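Shared between the two complexes below is chain A, which has chain B as its partner in the first and chain C in the second.
== the complex of A and B ==
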């Protein structure tokens, strides 16, 4: 693998609670190579979105990064000034979110919102910015892009809005796109189109992508590598096929088995009993131990280290 | 009884579109949410109603429970017109059809404990005060929750647990028909599996008729015996679930099936960077 474009090292994120800091991301560590597509999979509260907001330095007032480093192209983003981050966001790293409705300003035209991004990062004339915006909208499959520039977000369908947001994200040719559950709010047929679009952009523009989802099936279709998170930690990662078809961590195996499929045998789904650990109530040992069918005494006592095994890493005392 | 437990005959539901001015100027049009739908549900059927936003699937559900009335057409509950039954607002028909909603967070009163929520529902059915607590506990057990949940408030429960309470509350009325509108789509995959398994067991054990509204074909395949595919207010295809999914006749059903994520097997052109990924697929 070439030198990573993004290297997250021992990242920790905590919320300010009444009794002090409550850690939600507890030492996350992985890299993304230039042009690589990485999926982050996990349930609510696994820390997957929070880690990426920390990378973008968009955590807001209630949470902050309490440790670790985020190295993008040789530079530690956690140590960068806010002015420097404004240069990087949108130009080098762009992010699209789950709800396209609330990510767009309802009072401004689509064209204005795309050209704003372009002109924030590049010294171009208004007409050149408009040309770049049209090109970006065409790139994401919006037909009659020139005419659509004057449309307002409410005139777009959900899928079109998500396309417009992706157009904003790629308008400045970033090297990394972070997509946080970009299809969860969309209909299934639209979801399939957006997933296809992201695969195309990666192929044509050489874009590195981090695709966050709770659906292992969905990410396995387009990513090179899957990072599985649970309880604020990486519990397993590796090539997509290995993770989907031959996972070694009991959580990853159950995560795949509990998603119903259109083929395969009928009958009760594999279920993971119980619920994910709550913030501030993380078990001392492996966070999955209380729900794990394989758990032994050691699992409850001590967190297993993330150990390398060929192309993958696993944090489990009793891998399968 | 041999006839269908629920039947829709030429049911159309339309909503006026446009503001007052448009209506005064005669420019208003109608948005047709459900367009001349006829269907029959047999007792004990587990029917999946699938479609995307705007397909009319949720309109169909609210018509069937009597939350809205059809613009034209007729809905029959055990052969009796629902419109006539509805003249008695709190009549026994209401008990017979119950609904579980998508967002378990907003479907429960945040200030009422689970025990109180269930006891009040049982009171509506006329269960005497003395036996309400025992019945509440039995209902919690039926949906796989322990009695320790009884004194808790909704916010103290996880999404999956709240969805089970919603189900217990619907079952408290001893319904014949249960309508579940996207009951698992806001849940994490692990909790989704728990709720689907539970619904599957309950329909078998209680002989419930279930209308399961969903956009997820794989979930419908796991749970349902019949499938109804809707698009733009119309039924485009229906039949036994496995037959329709194995041999979809309508292009829209085919499109929905091809849109279901297939994981590694669904990759079209494997990328060079994923060389290790492709080698183990065969």
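== the complex of A and C ==
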């Protein structure tokens, strides 16, 4: 495996709560190789978004990274200045978010929003920026892109808006695209198109991608590797096929069972019993132990380490 | 869009029509016929009937109103029964004076209010936001006339930087003109600076929490640009409030003009009240209403230009 493009080491994120600092990301650790597509899955609240916002240094005023390192191309982003981060965002790493309805500025044309990204990072003329914008929009599958530059977000459908956001993200040819549940707010058919688009971009541009989703099957379609998160920690990590077909962590196995596959038969929707642990009330042992069908005494007492096993890593005292 | 605007325009005309009607009724509801006021207590009833007939006062109320309204729409506010002078001429003489004070106050309030509010919104818990919060409370609670008196005392009397009162028209020198209206305009503006700063701060703070702001940051856009783009979405409520403020300012300007001894509409209005010159009174109040309605129409227009969703809806 080549040197990783992004290496997240023991990342911790906390925010100020009523009773002092509350840790929501508790030592996340994984890497992304150049051109690799990594999926992050886990129930809502497991710390996926916070981890990635920490990588981008876009945590709001209330939350902050309290430990660990984020090495991108040899540089620790957690130690970089804000000015340096502004250079990196959009040019080397870009991020798109869950809700395309609200993620575009309603007062500006699509063209303005794409060209602004280009002009934030490259000294080009207005007409050259427009040309690059048209190219980016065409690449994400928006037809008649030249005419659509003057359209406003409200004139676009949800899927088109997500495409426009992806166009903004890729306009400067970043090496890493972070997509935080980019399909969650969309219709099922549109979801599949966006997933297909991201796979295509990765193929054509050699882009590395971190694709966050709570739908394991959706992710497994396009990713090389899956990172499973629970309670602010990575609990399992390995090649997509292995995780989908032979997950070893009880949580991953349950997660796999409770989301219908995009193509498979639509069985009864199962859900994992119980609720994720409340923040600030993390159990001392494995965070999943209270809900785990396999849990033993050891699980309640001590957190299992993330142990390497070939190409996979797993944090469980009783892996399957 | 034109249909919408036309709709708003006719709605405004309707408002003016009804306000004018109420005004007309109220000024006539007072005791005693205008003829009695003009001709004096010892006029004979024959003289009064003659006067009322000559001035159309014996015609049905609605007919009088319609006649007055048509004249007003042509710019003719009638002739005062009391002074015999042309009401429109009287207003035209005083309005530019009041307007220059109000316009300067309005510009100050907009620029300073939106500026302070925007800066305060950047760091919600920061020191500037705290100072602004205090300043807003202060600005809202200081009476404009009191501020005017304080300014006269210190800036005009002690420091002798500006004249304590009076008015120089712009035609006699722009600098001298500005010197006479600077303190009145500032006194008038302070309350509205506070009002607009508070609204801008709240609205922009809200906009800055928006998802599109996070997108812009994730794409590496510069902070000033991001704030400006957020402001585009934060401005509509501020603009509506500014339009209301513009209307209210005319009311407060009357008091400020008294403090600074400025010969604007306040003098005309006070004369009209004390002499029961109700055509003049009616004309001035109707003018204030028209300004209020027009300002709101203007705000609507600006907001439509700012918001592409409204611009493109037919």
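Convention: the second predicted complex is superposed on the first by the 308 of 320 C-alpha atoms of A that agree within 3 Å, B and C clash if a C-alpha of one lies under 4 Å from a C-alpha of the other, contacts with A are read in each partner's own complex, and residues count from 1 in each chain.
By definition in this document, a contact is a pair of C-beta atoms (placed from the backbone, for glycine too) under 8 Å apart; a residue touches a chain by one contact, two chains touch by 3 or more.
Predicted model, so just to flag it, every value in this text is computed and none were measured.
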Sticking to the clash and touch definitions up top, decide whether chain B and chain C on chain A clash or fit. fit
Between chain B and chain C, point out the one touching more chain A residues. B
Which superposed partner A:97 touches (first chain B, second chain C, both, neither): second
Between chain B (first) and chain C (second), which does A:79 come into contact with in this model arrangement: first, second, both, or neither? neither
For A:296, using the defined touch cut-off, is the partner it touches chain B, chain C, both, or neither? Pick first, second, both or neither. neither
Which holds for A:120: it touches chain B only (first), chain C only (second), both, or neither? second
Under the stated touch criterion, which partner chain does A:192 make contact with: chain B (first), chain C (second), both, or neither? first
Is A:218 touching anything from chain B or chain C once the two structures are fitted on A? First, second, both or neither. first
Chain B and chain C, closest CA-CA distance after overlay, in Å? 5
Could you tell me which stretches of chain A are touched by chain B in one complex and by chain C in the other? none
Residue numbers of chain C touching chain A in their complex, please. 124-125, 210-212, 214-222, 225, 229, 232-233, 306-309, 312
Mind listing the chain A positions that touch chain B in their complex? 33, 35-37, 43-44, 158, 187-192, 195, 202-203, 214-218, 220-222, 224, 239-242, 244-246, 254-255, 258-262, 266, 268-273, 275-276, 311
Which residues of chain A touch chain C in the complex? 56, 58, 61, 86-91, 94-97, 99, 102-109, 116-117, 120-121, 152, 154-155, 165, 168-169
Using the touch definition up top, name the residues of chain B that touch chain A in the complex. 52-53, 158-161, 188-194, 196-197, 200, 215-219, 221-222, 245, 255-264, 266-267, 271, 273-274, 276-281
